[in-house]
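Alright, structures below, take your time with them.
In the two complexes below, chain A is the common chain; its partner is chain B in one and chain C in the other.
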Partner chain A sequence: MIPSRPPQAPGEEHPEEPSRRLLWISGIGASGLVAFAWLSGEINVSGFFGADRARNLKRFLTEDAIPFPLREDGFTWSGLWTWVAGHWNAAAGEATLTTLWIAVASMALAGAGALLVAPWVARTISTREPFLQNGPTGALWIWASRLARLICILARALPEYILAFLWVAILPGSAWPAVLALAMHNGGILGRLFGETLENLERRPLQALRTLGGSRGQITALAAVPVALPRFLLYFFYRFETCVREATVLGMLGIVSLGYQIQDARSRHAYDDMLLLVGFGVLLVLLADLTSHGVRIWLRREAPR
Partner chain B sequence: MDLEIAPGEIVALVGPSGAGKTSLLRLMAGSLMADAGTASFGGQDLAHLAPSALRAVRSRIGFVHQDHSLVPIFRAHQNVIAGALGQRGFWSAARSMVRPTSADLDRAHRLLERVGIPEKLCLRTDSLSGGQQQRVAIARALFQAPHALLADEPVASVDPTRARAVLSLMKEIAEERGLTLVASLHDIQLARELFPRLVGLRGGRLVFDSPTAQVNDAALEALYRIDSPAPHADG
Partner chain C sequence: MDRHPPKPPPRGLILLGIGILGLLAAFLLGLRPGGLIPNAGGLQLARSFFSAALDPALTREGASLAANATPFLEDLVHAALRTLIFAAAAMSLSILAGLPLGILASDTWWRRSSFSNSRMTAAARAMQSAVRIGIALMRSVHELIWAVILLAAVGLNTFGAVLAIAVPYSGTLAKVFSEMLDEAPRHSAKALEGIGVRPLGVFLFGLVPRALPDLVAYTAYRFECAVRSAAVLGFFGYPTLGYHLTLSFGDGHFRETWTTIYLLLALILFLEWWSTAVRRRLVS
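The block that comes next holds the complex of A and B.
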């Protein structure tokens, strides 16, 4: 016979109740925060619906956003093409490619940095007897791992925009501030992710290589990294997509990427030019997204496990 | 526990789960250090060796793991050649993994032939069956040109016929190369049939250590006896 549950003593709480109460408190707190954000007076809701806003929107859609040569002569495909090609050849093409090169260069640096720091982040490798279960740890190795994690946290804690802002003061007038800012931020993120991936690998095959006399460097470089590579590439290309978007935005700091041209067009009130440049930016991000998607499909086919 | 195994001896460790068979094998292989007492190999105390000397000792002890512990994405020959990691420097090992010399490939092929799967040389390890992976693991241990072969429950995951075949193969290889063979086994019949010396462990202690012929059923029964559990508080 299945023993029946003993009656609950008065004052004894059901184990699920505290967490449910926490959920309620969190829900009420979050709702209060949202209400406060809207009602604090910092965000003026009525300003969104004013008559002048509607006029601005109408003018933007019917005049400003229409390519300049097409406003008077009427729409023709050849006219549109000449306008797009003219902009591409003038400055937009170079800015788009610079944006791409900034993203590629910074991700190459970030990836290389992450590969160097990841073994130190992984606590299964940064220990006196790497890969061995219940092996001796060693205080120096533990501190080395903590230091590597701290470096990763600091590198990714600073937003790319702030990092680039600091670098512009040292290296003005070049693409380097954007490259270094993106490399540092993404290097920090990838270093931590790569390290965690190495740490969470199936330990037994690596332990077996240690047992037969393999060195820390041999096992890490020749077995652990190859096993982790598909995951490394997934993270890398995911960050690459983000990096392309960020490289565009960093142009607003005066670095010659798409963002710079977008800001320039806006300051000239040339909203048609601005929209075209934004379009180039979107195409670039789609291209990065497509590459990332392709790599993911290829990896899944190559490594079914 | 006081246990000495002479070079070339063939010994089975038997005992119930949790008896300490795996820990004892790891102590012998130098991959687990004793809290107290000493474990030595070839007269060298493993706990007091410099890292390079410990690596050198480990590189001469072949270890066949229960779950094979092979790198799944490697080709079979890469896993076999990985047996030499402990005897090579970083770049030489990297080269032998990426672009093995024909001498290495020939040796790996001969060893896979010895364990009965030469045709699997270039296949990815995770495409092989459990039994085939086991043979790759044995070939890897032999690629080390070891002085001793340790095996932790090497036949726990194969059917009885294959278990006998694999153990016979390991014993045969050990005899033909003069290797010390120490295997932990659950299957007491196989242990009695194939191994001339049995070491019985229970609760981390040595219960018996005798030639197989002298181990009687009563000793084995005592070794595997299940203690009746303490009565539960609420019945």
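The block that comes next holds the complex of A and C.
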């Protein structure tokens, strides 16, 4: 039941009934779903805290997770270091770097794809009289814009992991599946963000160029995109963080990167190795976070908000 | 204040750098355009997989079925419901943990006055840094890796799946919440402080309500992400949509795979429409 509200709450003189209704329904629906989730019996909380699970956890923390060379000889810094360095040199180092390169390659691809799609998404460009009209006109243009939006939505709707899973089956044996999956998902997100940025640009300078006889392509490539570039780069580096994090797990599908080594250590029940590899992943993600945070602060110095 | 505006960063150079790094990465990974053409086996698989796209299964494929097996669609809808359940449970935990952590990670909480940019004491800065490092560690480990760690540590348990999503999501919510609190408008806080309300009251009634629309809109978006994560957890044996996806694909029952994909797409597209609608009503 929707609770009744006082007849004249402050700030509600505007007719916004329908919009408020969605928020009420959402709030009630979300609370209902959460309550249902915990009461449905699908989530076995008591089992998680049961005695045998506790025993597993204790063994994991006191034995399995302790680095192998330190289990018997006791803890020494040099022993720990030899263990870490040995793993880095054996396979973990290469896997970590491969993960980074997968993220870099897929973001470059995603960025390029998004740059190509964005003008079609922007309704101020994808219209019969670009930059001059308020609403989109020309049936063909309207459909082109809708199609571009649909492509962006579909590209990013499925999780990267599922996309990569399907690509691995079709293109086994290289890093392409991971790169394609990450590029599709991020390209879809960036394509729409880039397109909306182009659409929201200050229109008058572009209109001036149009009345001076600039073509659609010229104005887009030489005026609109350069003006929007700071925003584009902000979005790009915001997605780069997430992409590196996502790249750490795609190896679980058989692409030799961090995820692959983590899965491998787990299947050997070498949980100490597994946690070390997770640690390398954490370092990689934190470094990527820091880098893109730094670049974004640097970009913001001039980027219009 | 600087009299000269700072030099704008060379954006063209950054663009060029991204391009060069991308090519370098492709070279180091051994990515060649030729690698995009599948071999004979891959091609055949692709053909039979994509030809099944227009003909999704409504009943189970394959003959060897127990007579009392649950109907395919019922099974699948149940998996979709479980996907939603895992996501909703994980989000509820994430909000419970993420909100206090986000408050403790914000600058505003630790400053003596909610609206001025007064300096933090050394102790406050140390506490805030500790919280921020904890948050960073929580979210830098991917939910699938949390799932693998929890599988190794305690074994397969549905609450473990919920925790695997909830831990990194709490970290992400906390980080974004803290940024939103720091960027929220300060007028109400200023007014409350002016009439002598205590700092805690100023924070809770002057600042948090101003940031609330942003917080709610972002949480709605994260719920959509949580559904994706819950679906993928099926690859690790949890009974969500991903479980049916990997099983049917492995068996070569591509028409079942497509039904699963369509159901997941419908779920995600609906949630995306919903979270966008909520955002549009909350954030101007």
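Annotations
Convention: the second predicted complex is superposed on the first by the 268 of 305 C-alpha atoms of A that agree within 3 Å, B and C clash if a C-alpha of one lies under 4 Å from a C-alpha of the other, contacts with A are read in each partner's own complex, and residues count from 1 in each chain.
One rule holds in what follows: a contact is a pair of C-beta atoms (placed from the backbone, for glycine too) under 8 Å apart; a residue touches a chain by one contact, two chains touch by 3 or more.
Source: prediction; values computed, not measured.
In the superposition on chain A, A:Pro205 makes contact with chain B only, not with chain C.
In the superposition on chain A, A:Ile43 makes contact with chain C only, while chain B stays out of contact range.
Touch criterion not met for A:Ala139: it reaches neither chain B nor chain C. When both complexes are overlaid on chain A, the residue A:Ala51 reaches neither chain B nor chain C.
In the superposition on chain A, A:Ile219 contacts chain B only, with no contact to chain C.
With both structures placed on the common chain, the touch criterion links A:Val227 to chain B but leaves chain C unconnected. Between chain B and chain C, C touches the greater number of residues of chain A.
Residues of chain A that touch chain C in their complex: 19-20, 22-23, 26, 30, 33-34, 36-38, 40, 42-45, 47-48, 53, 56-57, 60-61, 64, 97-98, 101-102, 104-105, 107-109, 111-112, 153-154, 157-159, 161-162, 165-166, 169-172, 174-176, 179, 229-230, 233, 236, 245-246, 248-249, 252, 259, 262-263, 266, 271, 274-275, 278, 281-282, 285-286, 289, 295, 298-299, 301-302. If you check the complex, the residues on chain C that touch chain A are 5-6, 8-9, 11, 14-15, 18-19, 21-26, 28-31, 35-36, 38, 42, 45-46, 49, 82, 84-86, 88-89, 91-92, 136-137, 139-142, 144-145, 148-149, 151-155, 157-160, 162-163, 220, 223, 228-229, 231-232, 235, 242, 245-246, 249, 261, 264-265, 268-269, 272, 274, 277-278, 281-282.
By the touch criterion given at the top, residues 132, 134-136, 204-215, 217-219, 221-223, 226-227, 303, 305 of chain A touch chain B in their complex. Residues 26, 29-33, 55-63, 65, 67, 69-74, 82-83, 85-87, 90, 93-94, 97, 126, 140-141, 144 of chain B touch chain A in their complex.
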